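Look at the two complexes coming up: chain A is in both, with chain B in one and chain C in the other.
And then the complex of A and B:
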C-alpha cells in the first residue's frame, strides 16, 4: 500500500469511527449508568433521521436549523418511555432487552404506518456538500463535520458526567443507590434525565447520518448492534474506552475491507469481539466512570 | 455449611416442582395438545392452509428448543436461528442434488453454481449425495457447533448479557459468511428449486398432509423428549444453575458441562426444525438464520412463558399463526405488528412468566379455593 492509500484508509476509518461513536455514546451512557440494555437505541437513531426528514419536508428547515429540535424531540420521547416502561425494570436487566425490543417494534411500525415504508432522503447542508483536500486525500466536508461534531458531543458528555452536579449524582447512584438516596439524591429523576439525554444523542446521530444514508423504518437495527459492540469492547463503565473502541473498530473495518471486502471485514471484526468478550468481559479499557 | 445449602437447594427444587403442577397432569395436558395438532388435517383440507400450519408447528419446535435452554438452563441464546438455518441448509443441499436435471448443470451441478462459473461440485457438497448423511449433518452440525460455542463461553464462565451478545454476534458472522460465499451457498437467494423429499418411495409433498404429519410427529417427539429432560436429574440441575449458578458449583457439579449439554440439546431440536422447514418451504435462505427470526423466538417464549415448554410452543404457534392469517392485507399486518409490540411490552412488565405463568397461578388459585 502506498502512503496515500494508507492515509485514505485511515481517514475512512476515522469517519466510520466518528459515526460509531456518535451512535454508541448515548448507548454507553444509558447502559453504563443504569444497566439498561436499550435495544430501542437504533430506533431513536431512526426517529432522529425521520425528524430531520419531516422538519425539512414540512417546515423547510435545513439540517443545522433542525438539530436542536431533533435533540429535544427524541430526548422527550426517551424520557416518556423511561417513565412509563423502563423504570419498572431496573431490577430485571435481562428483561430490559425484551421490553426495549418491543418498544423498537412499536416505533418502527408507528413510522411505517404514518410516514410510509419507502426510502426517504435528507439533503446535505449546501455549505458542506463539497469535499476538502487533506494531505493529498479528498475528504467530504460533511464527514469532517461529523467527526468534529461527535468529538464535541463527547467532550460535552464527559463534562456533564464529571464536572456537573448532575454527573456527580448519576455516578453516585451507579456506585451505590442506597447511600446516594440517603444523601437526598432522587434517583428516579436522575435516571429519567439520563435516559432522555442518551435518547437525544441517538436522535442527533440519526439526524447527522441521514444525509449519508437513506432513511427507512428499519434503518436503526444495524446501528444498535454495532453500537453495542463498541460499548462492550470499550468497557461498559468507561467513556474513554468507548472512544478508543470506536476508533479501533472503525480503522479495523476500513483496513480489512480494503484488503478483502465489507462482508469479510464485518465478520472478522465481530469474531474478534466475540473472542475479546470471552477473555476480557470487562472490555479493553476498564478505567471506571465511577469515582 | 454444605448441608445447609443442600437442604435449601432441595427446598427450591421441591417448591419448583409443586409450582409447575405434578407430572401426570402435565403429561396428560401435553398429550391432549399434541392429539389436537394431529386432528388438524382432518378439519382443514385446504393444501395452502395446511402448508401454513406446518410452518407454525416448526416455529413451535424452535420455541421448545429455546425454552429448554433459556427457560430451564438460563441461557439466553439470541443465536437460536443459527442451528435452525444450518439444519435447513443441510436439507436443502441434499434435496438440491436430487432435482431433475433440467434445473442443474452438467453432472448434476446445482444451477446457481453454473451461474457463478463453478465447474465442479465443491468438496463440502459431495457427501450430501447421501440422504442419510444430510439428515445426520442437519442435526449434528448445529449440535457440534453450538456445543463448541457453549464450551468456549461457559468454560470461561461467561454469563447473562454476554451470552446474549456472543450468540448474537456469532449468528451475524455466520449469516454474513453464507451471504458472502455465493459460489457455495447461493448467497442472498439461498438454495431454491428443490426436489420433493422422498423416503422409502414415500413422497412428502410440502402441500399435502404427509408433510404435516411428519412435522407433527417430530414436534411431539421433541416436546416429550424435552419434557423428559426437564423432569430428569439433569433437568433439575439446569433449573438450579438458572437460579443459583454458584451454589450448584459449590456442590461440585461442573456447571459448564450442563450448560454445554443444554445448548446442544436445544440445537438438536432447532436443527431438526430447520430441516423440516426446508421441506415445507421448498427452499433455504440466509433469512432463516437472520437476527429477526432469532429475536422472534425469544418473543414467542417470553409471551408464551419460557418456564413452560408447552407454553412457549403455543406462544409461537399462536403469534405466528395470527401473523400468518393477517398477512393477506398489508395494513392489517402492519397494525397487528404494532399491537404485538404493545402486547409484548405489557407482558414483560406485568407477566414476567408469560401466559403459561398466568394460567398456572390461575389454576393454583382455583385449587386453593377448593381446598378451603
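And then the complex of A and C:
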C-alpha cells in the first residue's frame, strides 16, 4: 500500500469508527449504568431515521433543522418505554432481553403498517453533498461532519457523566443502589432519564446515517449487533473503552476490507473480538464506574 | 424411450386407480381424480408471492400484476368461457413456507398451474414439488440461468439476454478496465461468470471482483478501491437495500458517473426512488422492460395498473413478466379441449406461444421453456426515471447455459455436449 492509500484507509477507518461510536454510545450508557440489555436499541436507530424521513416529507425540514426534534422525540419514546415496561424489570436483567426484543418487533411492525415497508429516501444536506480534501485525501464532507458530530456527542456525554450532579448520582446508583437511595437519590427518576438520553442518542444516530445508508423497517438489526460488539469489546462500564473499541473495530474493518473485501473483513473482525473476549472477558478497559 | 415407457406405465397406473376409486368410493371423491382441473367452467391457478417478510414489498407488486391480468381475462370472457380462479397464498418470504404452500396449491387445491416466486432460493425450494407432482410453475423474475426444468416456464431474463448487448456497448463507450461487485450469493456470481467470459472475448481486464454480505451498508472501503483502481466501468450486481447505500456513498465520495459509471442488472425504478435522483443519475441498467417504454401495450398496462392499485404505483421489470405470463397461460389453455386441461398438456401448448407484451413481442422457446425478450439499455435521469438509449434489434434467444458451453438445455432435458 502506498502512503496515500494508507492515509485514506486511516481516515475511512475513523469514519467507520465514528458511525460505530454514534450508534454504540446510547447503548453503552444504558447498558453500562442500568444493566439493561436493550435489544430494541437498533429500532431506536431506525425510528430516528424514519423521523428524519417524516420531518423531511411532511414538514419540509432538512436534516439539520430536524435533529433537535428527532432527539426529543426518540428520547420521549425511550422515557415512556422505561416508565411502562423496563422499570419493572431492573431486578430481572434476563427478562429485559425478552421485553426489549418484543418492543423492537412491535416498533418494526408499527413502522411497516404506518409508513410502509419500502425503502425510504432522506436527503443529504446540500452543503455537505460534495467531497473535500482532508489531509491530502478526498473524503465525503458528510462523513467528516458525522466524525465531528459524534466526537462532540461523546464529549457532551462524558461531561454529563463525570462533571454534573446528574452523572454523580447515576454513578452512585450504578455502584450501589441501596446506599445511593439512602442518601436521598431518586434512582427511579435518574434511570428514566438515562434511558431517555440513550434512546435519544440512538435516534440521532439513525437520523445522521440515513443520508448515507438505506432506510427500511428492519435496518436496525445490523446496527444493534455492531453496537454490542463495540460495547462488549470496550468494556461494559467504560465510556473511554467505547471510543477506543470503536476506533479499533473501524480501522480493522477499513484495512481488511481494502486488502481483501467486506465479507472477509466482517468474519475476521468477529474472530478478533471472540479471541479478545476469551482472554479479556471484562473488555479492553475495565471499569472505573462500578466498584 | 425408456422414459416414455415409464410415464406410460405411470399413466395407466393412475388410470387404473381412478377406475378403482370410482367403483369403491361415493361419487363425491371422483371430483379429485380425473376431470378436476377444469370443473364447473373454472380453471384454478395458484398465486404464490410473499405479501409479508423481507421481500414482501417487491413480491406484493408481482401479486398485484398477476391478479390484475387474471381479472382482465375474466372480464373479457375468460378462457373459452371458463373463469380463472386464483388461489392466493402468502409464503412470507420463507423458502420452507414456499414449499409447503406450493404443496397445498398443487395437492389440495388442484391448481393446474402456479404463478410465483421472486428469489431463486424460493424457486429452488418449490421445484421438487412441481417436478414430483408433474405440475407447472410460472416464474417471472430475471435470474442466473443454469436451470432446465420441464416444470417451470421462465418469463424473466437470463444472463445472456441482459449482457450480450450491454457489455460490448459499455466497453465501446467507456473502456476496458472493469470492476465487478456483487452481493454474496449465487445470482451475482453466475452473472459475473458470464460477464467475465464476455470481457475475455473483448480483450478486457477485470481489475477486481468482490462480493459484499447481503444487507451490507458500509461501502467506504469499496469507494476507496474505486478511486485507487480507477476502473472504466463498475459492473454491479449488488441487490436490495445495499444498492441504495452503494449509490449514495459513491456519490458522497465525489465519484463521477461520466467517467466511471455503474452498470447494473438489478437497479429498477424501486431502488432509484429510495436513493434519490441525484445519486442515481448517469448510471446504467439493462433490462427488457422499463416503465417509460413507449408502446401502446405498455401505456395500457401502466394506466390499468395505476387505476387498479393506485396512482403512485410503479411498474418494473419483474412486474411486467408477472402480468404477461398470465396471458401466455391463457393462450395455451385456449388451445386445449376442456377435458384435456392438465399441467403437462398446458406445458406442451405453451411451447412456442407468442404475444405482444408491454416490452414488445415475446415468445416461449420450446426447447428451454425460457422466453425470447427485448433487452433495453437505460440511463437513469435525475428525476428518478430511466431514459431508454437502445433496444436490441431483434428479440434475444434465451440460453440458460451460455456460460457453460458443454451443457445445453433441450426439450429432453439437460444434455452434456
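In the analysis below, the second predicted complex is superposed on the first by the 288 of 291 C-alpha atoms of A that agree within 3 Å, B and C clash if a C-alpha of one lies under 4 Å from a C-alpha of the other, contacts with A are read in each partner's own complex, and residues count from 1 in each chain.
Simple rule for what comes next: a residue touches a chain if its C-beta (ideal position, glycine included) is under 8 Å from a C-beta of that chain, and two chains touch if they have at least 3 such contacts.
What you see is a predicted model, and the numbers here were worked out from it, not measured in a lab.
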Touched partner set for A:143, first chain B, second chain C, both or neither: second
Partner chain(s) touched by A:164 [first = chain B, second = chain C, both, neither]: neither
First, second, both or neither for A:270, with chain B first and chain C second: first
Touching partner for A:92 - first (chain B), second (chain C), both, neither: first
First, second, both or neither for A:8, with chain B first and chain C second: second
Which superposed partner A:186 touches (first chain B, second chain C, both, neither): neither
Which superposed partner A:261 touches (first chain B, second chain C, both, neither): both
Contacts of A:121 with chain B and chain C, given as first, second, both or neither: second
First, second, both or neither for A:281, with chain B first and chain C second: first
Overlapping contact positions on chain A, where the chain C interface meets the chain B interface: 261, 263, 266
Complex contacts: residues of chain B adjacent to chain A: 76, 152-153, 156, 158, 160-162, 164-166, 168-170, 172-173, 176-177, 179-180, 291, 295, 298-299, 302, 331, 334-335, 337-338, 340-342, 344-345, 348-349, 352
Interface residues, chain C side, partner chain A - complex: 54, 56-57, 184, 210-213, 215-218, 220-222, 224-225, 227-228, 241-242, 244-245, 248-249, 251-254, 270-271, 273-276, 278
Touching residues (chain side chain A, partner chain C) in the complex: 5, 8-9, 12, 15-16, 19, 116-121, 123-124, 129-131, 138-143, 211-216, 218-219, 222, 253-254, 257-258, 261-263, 265-266
Chain B partner contacts - residues on chain A that touch it in the complex: 37, 85, 88-89, 92-95, 97-99, 101-106, 109-110, 112-113, 221, 225, 228-229, 232, 261, 263-264, 266-267, 270-271, 273-274, 277-279, 281
